[in-house]
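Both complexes below contain chain A, partnered by chain B and then by chain C.
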Partner chain A sequence: MTTPRASAATVIALVAIVAALFVLPWIAGRYPIYLVMHILILAVFSLGFNLLFGYTGLLSFGQAGFFAVGAYGCAKILLVVPNLVLGIAGGVALAGIAALLLGALSVRHTRIYFSMLTLAFGMVIYSIAWKWRDFTGGDDGLVGIPRAALEIPGLLSISVSAIERYYYVVVVIALVAIFVMHRLVHSPLGLALQAIRDSETRAAFAGLAVRKYRLVAFTIAGVYAGLAGALLPPLENTVTPPIAHWTTSAEPVLATLLGGIHSFAGPIVGSVLFFVIKDVIVRFTEYWLIWFGVIVVALVMGFPEGVMSVFTRRRRSARRQPAGTASQST
Partner chain B sequence: MDLFAIEDVTKRFADFTALDRLTLKLPARRLTAIIGPNGAGKTTLINVATGALFADAGEVHFKGEAITRVPVHDRVRRGLSRSFQIMNVFARLSVLENILVPVLARQGRSSGAFHPVAREAEAAQEARAILQEIGLIEQQDTPAGVLSHGDQRLLELGIAVAPRPELCFLDEPSSGLTSVERAAVLALIRKLSAEQRTTFVIVEHDMDAVFALADWIVVLNRGQLLAEGTPAEIRENRDVREIYLGEEALP
Partner chain C sequence: MENIVFQGCVGLSLAMYLWLISAGLTIIFGVLRIVNFAHGSLFMVGAYLAYTFYGQIALPFWLAILLSVAGTGVLGLIMERGFLKRIYGVDEAYQLLLTFGFILILDDAVKMIWGGVFKIPPMPEFLDGAWMIVGRPFPIYNVFVIAVGVLVAIVLWFVFEKTWWGRIVRATAADREMASAIGVRVPRVFSGVFVAGAMLAGLGGAIGTPVRVAAPGIGTAMIIQAFIITVIGGLGNLKGAFVSSLIVGVLSAYGTLFFPVFELFFIFIIMVVVLLVRPQGLFAR
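== the complex of A and B ==
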């Protein structure tokens, strides 16, 4: 079955990672906190992307569009109503609506046609961010976005203006997003999406309304991209059009390929690798992109199914006991 | 009332007419075999019947209702199913999951997003019963893609019957199998046909299998109905002998 039984070692490792995330502001300076926030934002972005790619078999090159809708939506709300809950929820909702609308057109196609269509839609959103100066600030973007209080009127009001406090907002939201995605991919819906990935024709003849399920996956991926985008403006206090560019869409693609598309943790591990490699390289050379490319190529060639494939392979062979065989690691 | 009927159906691919104003009626509980030379329109007939292709003209009826433009998944829900000539299993999913997908879809439980598949005990029990029936229970945790060709054929059959169809088309179910595997698959079809409420229609090139298995044989040629009848009638049919099978080909 698709639900993996977590080993004691896995549980201990997860508890240690979560504990480390919570104590980090006490033991580390601002830069590591800043770096971890970016890793978590990319992890959320990549998890959504991989629901579409690794689990449903649809390669989208336009996720930056939804990332930008989430970011600009959150930024615009915060500039008018300084309430972080409203800003993030609004950004996510707008990204979800955009994904639902564009998904309805995109999921009619598959393979390269789907990829090109999503690339085109993503670049349309980039153009809007660039050209609609009155709303988006054009190439200047939106600036002075407040790190507003976490506020639910009559219930709670917590100031998160200090980056250490906002860090906890990002950590909690990212952990919840990871948990929800884990539940989702191991649910009957997740199984249906994987069936569609393996054979859309057979899935239809198994009784699945393939297009409907693809649209659900596309919308959820858009919501995750929007959530990741909405976490950015309060962190950076600014939003500019390059976040909608296709090169931003390439980031979750790279992170997921680095970590592994057939492992749930692949996009998360890939996000860590993405930023760690980038962070190390920029310390030594301004031509970091060239070296980054070389390392990514080497890693992808060395681990064609991502670095997590080392662990999933090991787990699979451990499970291959005399009486039975391995179950798929998803 | 016939279980299934196509009336005056035409299907063209550019200049080639795969089905040419074909009319065919299939009653319930009769194991029918469709035979014919390559290009006769056998697979196109299955595709039009099951919704993989829509007819250019004519009507398709199932249980008295017109389903000519009904999409595939809806036809499956109404009780139509099929297997494929070219192997078509969910390669990265386990054998059990391959059966769970259609079982959950039939139960309307495929959309559940927040509970693990493992909690679908009823569906799992039903899926395991199907695996027991087709002889793959021992391999339930094996990824389907690494099964032998013969076992994948059995799994194909399992996926096809998992929606509990009233009518199931099997496209060359013994294709590529050894004689032992072929005998096992055909015996399974006979058993399922006898035990279940499913009416099977098979397309098969193995004439020994067809004449041993089928209650009724439909012969297509160039998209048209050449003949239909019991195996004995088809064996004696002069048109079939001369135009399609050849004297030596009949068992």
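== the complex of A and C ==
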């Protein structure tokens, strides 16, 4: 486990990245902005997923369901009340409630049965999105979703209809979400989840309410998925059922495994890699998925611990030398 | 009443495709303890190979099916020997990811080779036509599919229960270390089982093409169906997979007849209920 205290180099790098995010609209065109928003949305989605997978040891294949609840919830609200604050908050709340309810059932299992159960729940949500035409628009989805203003009555009202402005909404929300998750995993809650991942029996003996902790992790993961989903409809102005399909659930799985499951930044780095790889390959061939598949296979064969493991391993061995303490292997 | 009987027969033939694909998934999970996400893609490859051998090269139907099955088997051998074998030691999540990488590769490879549109080979002449069932025409091809499915079930039962080979495989599934200690070459058993599973998926895809078409998306659609069935029947339980294929096949045939809107929804709800109430499957001993 890495200590929360960051080195000077890390702090400088982080400040540089955040600064770059804020000045990007001035130096780059629309496409990079659009790409960065998608990266951030996937990063939030994947961070939630990894709280469940990397930290708690539960591999969910149904996160797209909560992503879709967030997206459809936000879209439905925006179509009725054009207020972005309400839309995003509503989408997140709905996803959180869904995750709490379905999570209470899902955490009764672990390992492959948990994965299958979440896969099934995700597909239940998919089939609702696809078939409940009156509410979700069926396979046409919901269209004409406004990029509504950020409004709190009597306090503020900011129009974000320009994509550059909406970009800042996404950046700020994503950074806050990343910060909150960083605090969470380094809090007693995060430690308890890792203890459960490493040994369920030992954690139970130590007096941890294992199932309750798993449910908390599941709900937070669902909230993050819902937040990521809620950021999408104002960006694209439309929501369609494929976002609830299990192949969407695979995206945070891929991003997280690309970046590495045992480091906090893994899912974020993985999300960047996911879109950069995709973007580069699409320039050369329309068959980008095949090369993505090759990269995934190569990564699994070559770095089964993810790209970030190269860095953590180096840091760990560097730290071990002077202190002489064996760091816990992950 | 006629509706119910007729739709039951339709469901029965649907069940056989589900059985062929989930049988492969089941034996692979039962022995190797790997959930092969790419199993649906092997089904898809079988379908496209059958299209090429039968629809394009115009080989005799039986030979085309045989070659498609063999081709899918070779692909399975490459997947197992070249890749999966090397990561048996690591966390099961990485095995899932690896097979997911195969889905991406196979889906696009199929589009590159055969194009993005769906393909249908002609119906073999000797299986064309229909029999009358409760006064309605029932395609002979569906009868053929049911026959193949039942035949495969009998062969699998015989191999696993009555042959030396089957005992070796069952021993490996029960305790691979002990099996290895008494001289079973476990890596060979793994390869053999994986290839056999791949061939079953290929067979399902191949015999499906004349009626169910070969299309790039059928892999990801079929794997979900196969997951539902293996979960309901119990992971690794072959008999359970057969029975639950019948249940899901017939139910979805009735589903499309009586409540088309909620067919998919109900099937996933069944999967959820089984997982919650009886995770070892409905047919566990």
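By definition in this document, the second predicted complex is superposed on the first by the 320 of 330 C-alpha atoms of A that agree within 3 Å, B and C clash if a C-alpha of one lies under 4 Å from a C-alpha of the other, contacts with A are read in each partner's own complex, and residues count from 1 in each chain.
One rule holds in what follows: a residue touches a chain if its C-beta (ideal position, glycine included) is under 8 Å from a C-beta of that chain, and two chains touch if they have at least 3 such contacts.
No experiment lies behind these values; they were computed from the predicted model shown.
S.K.: Just to be sure I read the superposition right, which of the two partners does A:292 touch: chain B = first, chain C = second, or both, or neither?
M.R.: A:292: touches chain C, not chain B.
S.K.: So, A:131: does it touch chain B (first), chain C (second), both, or neither?
M.R.: In the superposition, A:131 touches chain C alone.
S.K.: Go through the superposed model and pick first if A:121 touches only chain B, second if only chain C, both, or neither.
M.R.: The answer is second: A:121 touches chain C but not chain B.
S.K.: Check whether A:207 is in contact with chain B, with chain C, with both or with neither, and answer first, second, both or neither.
M.R.: In the superposed model, A:207 contacts chain B only, not chain C.
S.K.: Of the two partner chains, chain B (first) and chain C (second), which one does A:113 touch, if any: first, second, both, or neither?
M.R.: After superposing on A, A:113 lies in contact with chain C but is clear of chain B.
S.K.: Touch check for A:189: first (chain B), second (chain C), both, or neither?
M.R.: A:189 sits against chain B, while chain C stays out of touch.
S.K.: Once the shared chain is lined up, is A:161 touching chain B (first), chain C (second), both, or neither of them?
M.R.: In the superposition, A:161 contacts neither chain B nor chain C.
S.K.: With both complexes superposed on chain A, which partner does A:7 reach: first (chain B), second (chain C), both or neither?
M.R.: It touches nothing on chain B or chain C.
S.K.: Which stretch or stretches of chain B touch chain A in the complex?
M.R.: Residue positions touching the partner: 50, 52, 71-74, 76-77, 81-82, 84, 88-94, 96-97, 100-102, 104-106, 109-118, 120, 124, 139, 141-143, 159-160, 162-163.
S.K.: Would you pull the chain A residues touching chain C in the complex into a rising list?
M.R.: Residues in contact with chain C: 53, 59, 105, 108-109, 111-113, 115-117, 119-121, 123-124, 127-128, 130-131, 246-247, 250, 253-254, 257, 261, 287-290, 292-294, 296-297, 300-301, 304.
S.K.: Chain B touches which residues of chain A in the complex?
M.R.: Touching chain B from chain A are residues 1-3, 180, 183-184, 186-192, 194-195, 197-199, 201-210, 213, 216, 262, 324-328.
S.K.: Using the touch rule from the top, collect the residues of chain C that touch chain A in their complex.
M.R.: Its residues touching chain A are 35, 83, 86-87, 90-94, 96-98, 100-109, 111-112, 220, 224, 227-228, 231, 235, 261-262, 264-265, 268-269, 271-272, 275-276, 279.
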